[in-house]
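Pasting the structures here.
Here subunit A shows up in two complexes: once beside subunit B, once beside subunit C.
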Partner chain A sequence: MRTFVARRMFFGSMLIIVAVLVLVANAALRVAMYHVAFVSGWFLLGLCVFLALYNIRKKLTALPLGTSATWLQFHIYVGLLTFVVFVVHIDFRIPNGPFEVILALLYLAVFFSGVAGLILSRIIPPRLATRGEEVIFERIPQFIRRTRDDVEGLVLKCISESDSSAVPDFYIRRLKPFFDRPRHYWSHLCHSTRPLHSLVVDIEAQHRYLSDVERSLVDQITEYVRTKDDLDYHHAMQKTLKYWLFIHIPLTYSLLVAALFHILLVYSFAGGS
Partner chain B sequence: MSFGGSELQRPKRWDKPFSDTMTDEDIARLMSVPPFSEIDESQFRASTSLTDILKNDTRLVPCEPGDIVIRKGDWGSSAFFILSGRMRVEIEPPETSMPASVLGRREIKRKNVFEALAQLWKNHRSPEFRSVARAEAGGTGVASRGAGDRTRVYLEDVGTVLDQYRTATIDSGQFFGEIAALGRTPRVATVFSEGEGELLEIRWQGLRDIMRRDVALRMYIEQMFRERALSSFLRTSSMFSHLSDDQMDELCAAAEFETFGQYDSAQTNRTDDIQSEPIVAQEGHYPNGVILIRSGVARLSQKFHNGHKTVGYLTPGQTFGYEEIAEGGKPLRLSLRAIGYLAVVIVPAPVVETLVVQGRKSSSKPLLLDDGRPMQSADAETAGLQVDNDLLEFVVEGRFIQGTASMVIDLDRCTRCDDCVRACATAHDNNPRFIRHGPIHENYMVANACMHCEDPVCMIECPTGAIHRNQLQGNVIINDQTCIGCSRCANNCPYDSIRMVEIRDGQGNLQIDSRNQPIVQATKCDLCVDQIGGPACQRACPHDALQRIDLRSLVSLREMVNR
Partner chain C sequence: MNRPLQDFSPGKSNYERPTLGWVCGKNSEGEPCSIGPSDGGNCQVYLECVPAKDAGGYICSRAPSFGGMCEKGPLPDGNCRQPLVTCHPKRTLFGRRRVVTTTLAGLALGVLLCTFGGKAAVRNAVTSPGALTLQHASSIQTCESCHDRAAAEFDELTDSLTSTGSVALADSENCRVCHDFGPNALNPHSLDADVLATLTNKAVSTGSTGTPPLLVSLATQLAGSPMKAGQLACSRCHKEHRGEFFDLTRMADAQCQVCHTSPFHGFNDGHPEYSGFPYTRRTRIHFDHGTHYEIHFANFKRIMPNGRTPENCETCHQPDPAHQTMPIVDYALACGSCHDEQFENPLDAIAFVALPRIDLDLLKDEEIGEWPKPGAPARGQDGQPAFMQLLLENDETWAKARRFLQLAEQDGDAAKLRAQVQMVWATKLLINDLIQNGEEALSQRLPASLGDAGRERSLIRALAGDGAFLDAVGKASAEWFPHLETELSRHDAGEPLKPKEDGDGQPATESGDASPDETSEGNTDKLTSESHSGWTVRSESITYLPTGHADQIVQTLIEALVSIPGVTTIADASQPQATHQLFSILTTPGASFGCMKCHTVDALGDTTVVNWHGRRQISRDREFIRFSHAPHVTLLARGNTAEAVVTKRECAHCHHLNRLMHRAEVFSQSDFISRPAWDSAYVNLPEITANTDPHATATSGFAPVQRELCGECHTRKRAGESCLKCHNYHVGHFSSRSSPAVHAAPLESSREAAAVTPDVGEEQ
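Showing the complex of A and B:
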């Protein structure tokens, strides 16, 4: 498929067709008095195992198992299909047993964390591409340290070139916490520039207490503040992109373990049906 | 008036001669043998006399039996003249070609499924592990002797090689390697020394200057090119592939050769603005002939207000100016400029009229390309491809158009997961061979990974041929067994895609030489030449953000942009 739109159309159409088939099969099996929950349960487990295999595929990069991109496409659309199968499996009602509730919640957590990951992976990259310089996540702390060192150099220069302690005091009070580590995670995640704006306003408010030399140095510090804010933005966004998997993957394995236990319980108490 | 600062001697052409060991006696000896004894010295300027050229642009190379002088596929910037002894040149057909191992190259053995899987636990924990630091005699049939510039890979058993492979002799008094050196194209054959002998190696600049002043030598070299390579080169163009042998001879006789721009590797890829690029053919002028790109890259531009807009580029084998001639000699719609060094073949307009345009008119069927499209020159084709002009300028200005497998990352899709880096590391004994960082235009990044250039300047000065183009896949790869760590390739790479690394043993200790210095070797992306399924980076990208694309073609770029 040459374009992403064509690919989306193809997989989307396939998903709708298969989902309709699942619903039709459900209705047909019910009419035939067949035990639908067994069929849908095994089908759902099969789909979940297939979805979990993607993580293993990602680790087996050297084997010719198809591209990771193709696997991800199947992962997304099969993942969406599981929701239909899940709804069929629970018979369109809220489960009532405590373990079933836990199992259903686990499934929903995995499903929605996956959907959230998909949305994040589509929203965040274009935002990163338009803000600040492209930086490698692991190097951000180094860049922050370098920025802080440069700013502290300017502050020391203020001390040597002026008899006032206005800039050093302001730095200790307001800027040092900002430059010490990545800040304003949630604001950046919400695409808010309020913390930056607030800091810049505070810096500008200091101008009335500064000499011309200090003012010029503080202007340079303001530029560093903007640079640091961009680094924080990249840190927050890239951290989110990396760490959402730490929710999705453990939940997936928990779900699989719980599902196996669920099968054990079902067959233990099925009474030969 | 003082401007401050230290006063420096202005650099001159021969501040660093090709060899420090050329003596006046050597020059006198050279001047006594043909063709140098037959050259009219008065034709040379005083500042670049023949003796100066010989003293500064040449060096004497003693040969021992089996010394490999040039290898097929290598890039080289010098030609050779045989002063004494006899050389052997390998003859086609390719099935009798010497295998890579005989030439001191990396033997590519693609991993099977189990070997590929075993990489997960067999990869070494310490970085840059090498089992053998240097080429060792035995097993491969080659060994090396000498050091630094003078390092030479030699065939251990010349007799066996002569028995097994078809070769022809080149006797003393003849040139070889001049076509590749002047045209900056790959060597077309392997040449090795049959016995003891002596060669004169001439830098291309020296050869160019001698050819410029001495008509006989120029005619000789051009005749060599016409005889050895021109016909097969012209046949590669769809425009001339249908011609009969007689017509091809006529075409070869009329063809002219020209070069533009700086040959020097450091400058080739880093010229600045469009105005400083030499003009090969100018918009609005009448075409002199069809221009075929032989080596290098050319920019297609069009006047736009007070500047020039890039509308495309041409790479080797592509043509310029056919439409205008076919339409009865209309003025050129575009300008053609040399980006760095450019070698072209010009087929004069009257010859094109007679052999191609008339032939096309008399034929009831239009001439078609292999894929069924009507034949037209590449300038018309590329101008028709709609690619964002700013992106085009970025690709041309950055000289990424050299890349046959450039790593382009769509930052709008890249989640910075680094799966590509991890996959690369797994495929290379836990050593990633690229950095996910590089120049960006809007949402496209050209990452710092070897682009496997069309014109790989990294290969030009490698003394052992360790960095070479794989004959099967065309990837530029390094043979760890023959890399001596001289850093020439890394210094020559205009994109900083080659890194020198200190190699280690199985315990993670640095491997050191007899002077207690760490041994370094060059490393770079090899496009996973020994892995099943191709480049691991591209296969590992979950979001189709990373692509290895051939930027020589605008079609590839357009396909990626318009996904």
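Showing the complex of A and C:
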């Protein structure tokens, strides 16, 4: 099995070689006054269609089409290659017609969202493994519910075992919003522990007002706060991992639709050349 | 430590399918049902537990992950005992993404369909690929001006996907509405296909000068010829819609070379050597710089006391408006100070009309009427003047005379006598005809063989135009035959008209009127009347001396003569034809006026053209090579003294005078005629070889420019070595030379335009 480094070296080299070949072919065809844009355009469209097929491949799991991991590798490197082909296609200049600008922006949005997704998919998973329990994203609401139920059980126990309403009051004022739903998305995205620290500090500030029994229960609640914070972290990270595709995939299909009209336009005004 | 959140033990963890579109609405509360929504997003809680039939009744079938079997079990009728609480299913992430994707793609499709299917103006505004260059933006208002499809409907646009024709080639015709590049505009170099083939064959036969650049080789192998059916669409090279300041004419050198058989790396690395540049033909004005500089200008004071030596090259050569060529200035400025004298020698006058030499003694008893005393013949009047022979060629009376002359060899004096009588009357009839009918007489009498009809008309107009010739004829008639009309009418009536004898034994007119030509010198030719028009009436002839350089009559006469096929050869040397004789008089090296000493004649197909002028750049011509003297002369003058800038201008830096060339024999002869020099006897006329080939002789003494000279400055880092710096792509005769962006107009025919022969290029 090829190591990660070896695989990256191999595919990276292939990418560079193909990119150089594209540039050389472009230079040669331009010298020949060939309509390079036709060649590069069809090539680019073919690459984009191939890239779009990955989404379909992930749904056709029963067919022997190769592993998703292999497809992903091709998707990444072919996607990087499309940038070179795109730059060649637009002749190394900024388009300046309304439709062409939109088309270019669509492509760049797809490309850079893909690059962003690649970076995210390389950064986030290792981080998820370093914090708390690895949970399935769709089940996080259930786990939050369970955690909230456990915390509320402790709060009720506190009421029954002590005469003070400090803990319940504190819970309702400070902790309930926290346990209701996933919180602190941007802080977790920035890998900040400030919200958690703030909560813990607030909790510890209540210790002076609590009895030993209450203090013990509050310590348990603190553990659940940490657990909930971990769940929030996982929720934020996994949500990011899943939501970047809301940019990448819809724009891809819009790009393909616009490309079809672009082809129609090109052949209407410069076809047969 | 809290217990683990997830339990993956068997039966405790359902598979969370990533492609589900809907999820139970209670999932966000942490209590999703075990069935989940339907594919359509409907709650199916009634299916959470479908009690299974058992031997003892019904049992709960709820999945262990959702709590497993309930304690109480199903109702006896088999329905689930658990309270049914429906939810509002929510879309999964995947489902939401699918909605977004479909919505966005659908929106894009809808907008584009509306745009493309709507009004063409809106569509064109949206789909325009960018701003036009300034030159086009100022004159083009709509897309339809250049693109035929701009006004097409949507279905017509879709047809283009299956069309096999070239839209770009078709649209190129719209470019030609404003840009006139001739009938072969879409051919390479706007040249005719046959010309291109000739050039290509020549290049192939010449062979390659070196290895082609790698990129050019690659391009040739990858793409082959860029032409479609031998044509190139304008948009192949000229890319529009790239902004206001984009250079439409920008081309890489490699793009030029991909079509050429001998590509090279650079101007100083493989560019073909010049072949006789800039000389593509002999000079139109035969002139030898070497002889003039080495001999004539050195002997000015002795041989040309009124002559002026040119101060520098610019004395005689001034640049054309494009500074491409340095045509010679007018004759008066360049040559007149020395050569005006050659038109002033009265001995060079040519007889146009002369009285035939008759023996008056022999004819004393014949009825010839008045006849002046014979004097000395004018130059060229060795026999009847050639021009007069032309006037009499179709004359019946003169024909009779010729017949009698032929008989004279056998019949002796009798036939000779009759011949001379006929000659007398033919002459009188001619003169009378000219006086009475003028231009019409000339038209009828001059034979059709005198050049082409147009040139003959020009000659007749020149002769009769200002009336000087006819006036001279009238004066001559008054002096020679004072009662000509009376004589002719009496001759027609058959009345006797014997010449009288006066007191000195000379015949006189019968009417007794005094002869107007009474001299005591006898045979001495007397100039009886002179005229500043060039015509001179002598005692027996009418002669013509040019009024100066560019004399209209001499010019039209020469033009008429050179257009006669075979005028330079004669079948019988002893019986020269009149045209040949006249041609010899005017075109031999020692000929009268010496026109052909300097002016050459070019044969162009079926016609001949006399080069009365040097090269004149026709403003509408674009040639392969584009050159302007201005920047070159300015740059060369830098670093020199102010005097050098003004005077010498460093022409000699590029134009090296070959001082030995003047000794070549070719320069001792007229460029037009090749025969022993200075044969002024005009007897035993040998066959004359006319040199009408523009390529046949050398230049005017300058060595061709060498490529290395240009390469001193035209390097990549200095003056630049791009192909387009010196070469035009579109070559030919267009409506505007500098920027052929005007509506093509028919060329106006002009004598000057017709008279200036086009440069016959090296490739042609």
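FYI, the second predicted complex is superposed on the first by the 269 of 273 C-alpha atoms of A that agree within 3 Å, B and C clash if a C-alpha of one lies under 4 Å from a C-alpha of the other, contacts with A are read in each partner's own complex, and residues count from 1 in each chain.
The rule is simple: a residue touches a chain if its C-beta (ideal position, glycine included) is under 8 Å from a C-beta of that chain, and two chains touch if they have at least 3 such contacts.
What you are looking at is a predicted structure, and each value in this text was computed from that prediction instead of being measured.
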Scan A:267 for contacts with subunit B and subunit C and give back first, second, both or neither. second
Give one of first, second, both or neither to describe whether A:124 is in contact with subunit B, with subunit C, with both, or with none. first
For A:17, decide between first (touching subunit B), second (touching subunit C), both and neither. neither
In the three-chain superposition, say which chain, subunit B or subunit C, touches more residues of subunit A. C
Touch test for A:172: subunit B only (first), subunit C only (second), both, or neither? neither
Quick check on the superposed pair: does A:242 touch subunit B, subunit C, both, or neither? Answer first, second, both or neither. both
Where does A:141 make contact in the superposed view: on subunit B (first), on subunit C (second), on both, or on neither? second
May I ask you to decide whether A:9 touches subunit B, subunit C, both, or neither, giving the answer as first, second, both or neither? neither
From the superposed pair, tell me which subunit A residues show up as contacts to subunit B and also as contacts to subunit C. 59, 136, 242
What part of subunit A is in contact with subunit C in the complex they form? 24-25, 27-35, 59, 93, 95-100, 133, 135-136, 138-139, 141-150, 181, 223-224, 227, 231, 242-243, 245-246, 249-251, 253-254, 256-258, 261, 263-265, 267-273
Would you mind writing out the residues of subunit A in touch with subunit B in their complex? 2-4, 58-64, 67-69, 71-72, 121, 124-126, 128-129, 134, 136-137, 238, 241-242
Show me the residue ranges of subunit B that touch subunit A in the complex, using the header's touch definition. 111, 113, 116-117, 119-120, 411-419, 422-423, 426-427, 436-437, 440, 442-443, 445, 531-533, 536, 538-545, 559, 562-563
In the complex formed with subunit A, which residues of subunit C make contact? 1-2, 4-6, 16, 19, 23, 27-32, 92-93, 96-97, 100-101, 103-105, 107-109, 112, 116, 125-131, 147, 149-150, 152, 157-158, 160-161, 163-169, 171, 215-216, 218-220, 222-224, 226, 228, 232-233, 235-237, 241-243, 252, 254-255, 258
